[in-house]
């Protein structure tokens, strides 16, 4: 009645890694398509430079980043108040 | 068994508009009474000028107002911290 | 069937005040022990001066403290943004 | 008997634990890799969309037609993408349309069944929409943001807010007529009432009433209400211009009087007492609204007032939006009734605007002080958008004529008027 | 049979949907306009107040007397207006009295029945008061706001916080005596215990214990607790002056020692371990409190600590207040017991203050370092108000003698002492 | 009969009230002071720990062994103190470990039974963990904090995030082998799957899957997941160095291209559509994540996006931590399975890292542009810690070589990859 767990788990691995790779490959492909479409129909207006963003992404989730200067923080506070 | 909807709806309209007008008229009347009472018993101390307030009311509910200067925002931040 | 409430309440008082005193005395004792342990194993690095803290404790729970200067508030805002 | 014994001996743990244990027993049957992949494919959304089944049920256990399982979902995906476009590119009430549309997007994902009682959207819906709680929290926050100063400075403008409620009752008659005399729609009186409240131009009120009177129409009503509120700058100006002369639109109004702090503190209490005495059915809505406003004007609980205006309303907005969005499931939204709701809602809006402007003209005639009839249009609520539109239309005719402050009076009165109208409708059906 | 068949054929949808459908069937009977207006008038609050009925039930389905339907509501409206006045004009603990009183205002609106399980206030009550959850969240926030530095600098002042709990137990005996020997009140021991905790001068503790031991008295206990906490500057000084000599009040205390960060981090953990080992019945209260304090002192989760001190406590305060206010319904509040609660609560407060001061005098006699007996009064809790009052009374006798810091020790110890007393009472009845 | 009559006559009130009344009847039997103290001593935790009983049940009504009542609790206290130490002194994911460990501390207090359905921790658990809601709110907030710019700038790095999921599936096989071939552990396939997801290095995903597939292992899985996420800087570098040459680690990557705002707005929608079409079982996780990200990138609902990133995620984190901590009760945590979970989790992490790095080497070989294989290690998720570790290890070999930006691509792709893997596992068991 009980299955051989290892055999089953191995099948899961094959299924799982296949799906993960397929889906992320499809995602990679679609990112490319999307990039081309955007490039064509939205010629580059004010661009976000991706160089600066990772830092922001990195700092948000950690509570220990002390990189921001006082001025930056005030600007952030101010912009928050503006937005609200 | 089923009523004529239009006739019923029409009756609702008569009832509804009557109540809306009555209640808001009563409100108007009471605002006047309240004004007189307040004027009599609370001679005008520091007054809120209603001229300035609509703007505030307008800005709070929208997320797009960019009227406030940086200074105003800092003051707001500061006063928030004081209050908390 | 019904007890004499006063007698019962009196017993509760004896039990209650005994436990309150015992537990808080034990707490006092342990605070002393803890102080000695900390003093021994954590020779005094940057110390919190307890002189200044009560004020902070007092002000947080009330909404009426107006002691902080504008500068302090900005610093607080800034440090909040840094922490987040 | 034997089974029950062995079962008992295997599962010392209590109820909860037993359930887990028994689930684990039947958890999984061995399959070949090929079978596994085949089975996996059957759990994909694309399979579900291409192969609609007979026995698929929605979050409420109701059967879903094959159309709603396949093309229906695709159409809904297109609709939510249009809503995203309108919210982002056109600035249509994004604070609510984005969560609602995203909720709609998630609700239409096949297989996942996120709108069931155990699903993410169903949990949210049951948390605060089924019981009508979230709209009240929104109203609390809106109350804490509202300044009744302009209304108190010029009380009689409240009558403009009363007139605009004709949008609600007029369209109620219209909806009834469509149901009675056409075969297209077959709304009940309750449904007609829930739909007509769109004319109140007040999102939370619409959601509150729809939850109470016609939850099956909630999605369409909410989308219509917020869409038309966003369309205020498009819908209102032509009506305003058509009903007024150039001279009327050029009227300059006098600056309002000073309003004492005490008047502002007492006003929300007066409102609650009025409701308590004359229209208890509006008590949840007006009570929440007045509580928020009182917290703000009292001046002694700024912590709470700020929380209502910010964190609490924001969190609630996120949940309200997603929860309402759960009603954008294809089988609930893609029904003929939705079209009716859209049409009636639009008419209600237009009629409310017209009634407000006409009332403005009447008041202008009989008032000693000059009144610009345009401010009547703000009576439909849609705070503060409608008041801004008034100011803009007024300034077109006479640059520098700032009507914003004067329009805020009818505008906030419109919120009260809509809640009163809502209370009347509830009282009829209670 | 025929009905059941036609019913079934008309309502393909599942359970929920069927309910809606059947409701719609009986939704509305045609009426003349006159009848409609008459019926409407019967749903007004003024009609309900002027024409109390026999079969009116409150939110819990309990019958409400005619007095409580009519004059009762009016008296309650007056009472909540007085509470508003006290909160705004006199600054009486507005953060809780305003939501509580507003909840009471809404709870007494006739017809609306906001305190029923489906009503706005009933939803809030069941969300976090019936299960005693909200007071714990408040305690978490208070813990995150509390600085145990002054207590750690001078541990033996904790004994002053112990002494002040005599207010609880002394008034427990008093309440029992009133019940036993007078016909005015007839409190059970559980009720006596719940009432006497007012002497702990700690709002959330009072609400927590009242929910657990005597939910039927919750409204009055909460109002008494917060009112007397607000009255600390009025109640305490005369008692303090009566029990101390001018010389004693002039005593200057030495500046406390420095407290190491590590002591502050360890303290909340020590508290939890003490409670775990000796008084598990106080675990919810002290566990929440210690969690908040530990989050703050650990220094590594400022995000969470700030959230506890701000958004979370604010949101909870709004709900706690409204939910407690739901117990200010006339039929629950306007009962003889309320008067008893008010009297016993006041006595409890006074006795607690006196016990603290007397303990202060005893400690002053036996201590090597100078102790100003006034700081004993801060042992009743009511953080930080009681400590401020001590400082003020001290400064009256000797300007510049700042006792605030020294009074904070007994003050925060009083919170612990009250929670311990609460735990003992719970342990007796569990 | 007589009793029932007198009972009825004494208790006019309705159901709820009657219950209170009857409770009060039996509330308390008179006892001597000595008996009272004796009884009190029996309600202390120290008595419960020293005298474990046969019939003690945990929060779920399941019997607790004598070991788990006595030594078990003491061991758990030591474990949570170690967790506190690691969180505070070593900075191990304090935002989650501190609430989890404190929840564990409270859960192990004897007598108090805080994990029962009426207890503080049980209330929290049922509020949002039993129904898997809290992890989704966390994911919403994480989505609102995540910037997909680096991934969009270099899409193919997503494949590194795919490779690292081998940690999940590899350790699933390992867990199955341990269960099949050893007598130490006896995990079911569901349990193996829930455990292996630790290799995804994503806290909310782990908790979500554990709630769904193996709630009985939730505590251990959550602690393992967050502990190993915190240990990323310890676990990963040796593996990274072992699998790469010095030359490979010194590779400098080109600066990414500019990413258009529109790409960022469309990306979360693309993700949802992919999930809707191919993996609906991942819809709750990826839907929440995409909603948060869409709210942020849309740029028109900053109020909501900020709320998700701050108040909402903070409040949820507090509750999620305490709720998960409730599963650290001795009788649930001190079982052999926990050891197995810790071992398998560590292996999963290591294997995932290795798979990512090896995939990095493969991609480096076939790519036209230079790729530093170290960035593959970031594919395990653990955002942003893993990316920082990559940057640090890279900078050791070539100071000034900032890989952070390049590692963020696989890092965020790892989050998606883990959610996909989780969805596949759920789809197998649904």
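Which chain is which? They are A, B, C, D, E and F, in the order written, and residues in each are numbered from 1.
Rule of thumb we're sticking to: a residue touches a chain if its C-beta (ideal position, glycine included) is under 8 Å from a C-beta of that chain, and two chains touch if they have at least 3 such contacts.
On a predicted model such as this, the values are computed, not experimentally measured, just so you know.
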Equivalent interface positions on subunit D and subunit E, same or different at half: different
Of A-D and C-E, whichever chain pair has more C-beta contact pairs: C-E
Computed distance of Cα centres, subunit F from subunit B, in Å: 46
Separation of mean Cα positions, subunit C and subunit B [Å, integer]: 44
Approximate Å spacing (C-alpha centroids) for the pair subunit A, subunit F: 20
Of all residues in subunit A, the ones touching two or more other chains: 3-4, 8, 12, 15, 19, 60, 63, 74, 77, 83-84
Multi-chain contact sites of subunit E, meaning residues that touch two or more partners: 28, 36, 40, 91, 94-95, 189, 278-279, 300-303, 306, 310-311, 424, 428
Residues on subunit B engaged by subunit D in the complex (per definition of touch): 3-6, 8-10, 12-13, 15-17, 19-21, 23-28, 30-32, 34-35, 38-39, 42, 44-51, 53-58, 60-64, 80, 83-84
Subunit D to subunit F touching residues, read off their complex: 12-17, 20, 24, 27-28, 36, 40, 43-46, 48-49, 77, 81, 84, 87-88, 91, 94-95, 98-99, 102, 105-106, 108-112, 114, 118-120, 123, 310-311, 314-315, 317-318, 322
Subunit D partner contacts - residues on subunit A that touch it in the complex: 3-4, 7-8, 11-12, 14-15, 18-19, 84
Subunit A-facing residues of subunit F, complex: 91, 94-95, 142, 145-147, 149-153, 155-156, 158-159, 161-162, 165-166, 168-170, 172-173, 175-177, 179-181, 187, 189, 192-193, 255-264, 266-267, 270-271, 274, 278-279, 302-303, 306, 309, 383-385, 387-388, 404-405, 408, 412-413, 416-417, 420-421, 424-425, 428
List of subunit F residues in touch with subunit D within their complex: 57, 60-63, 131, 133, 136, 140, 188-191, 215-216, 265, 269, 272-273, 275-281, 283-284, 287-288, 291, 294-295, 298-301, 303-304, 306-308, 311-312, 424, 427-430
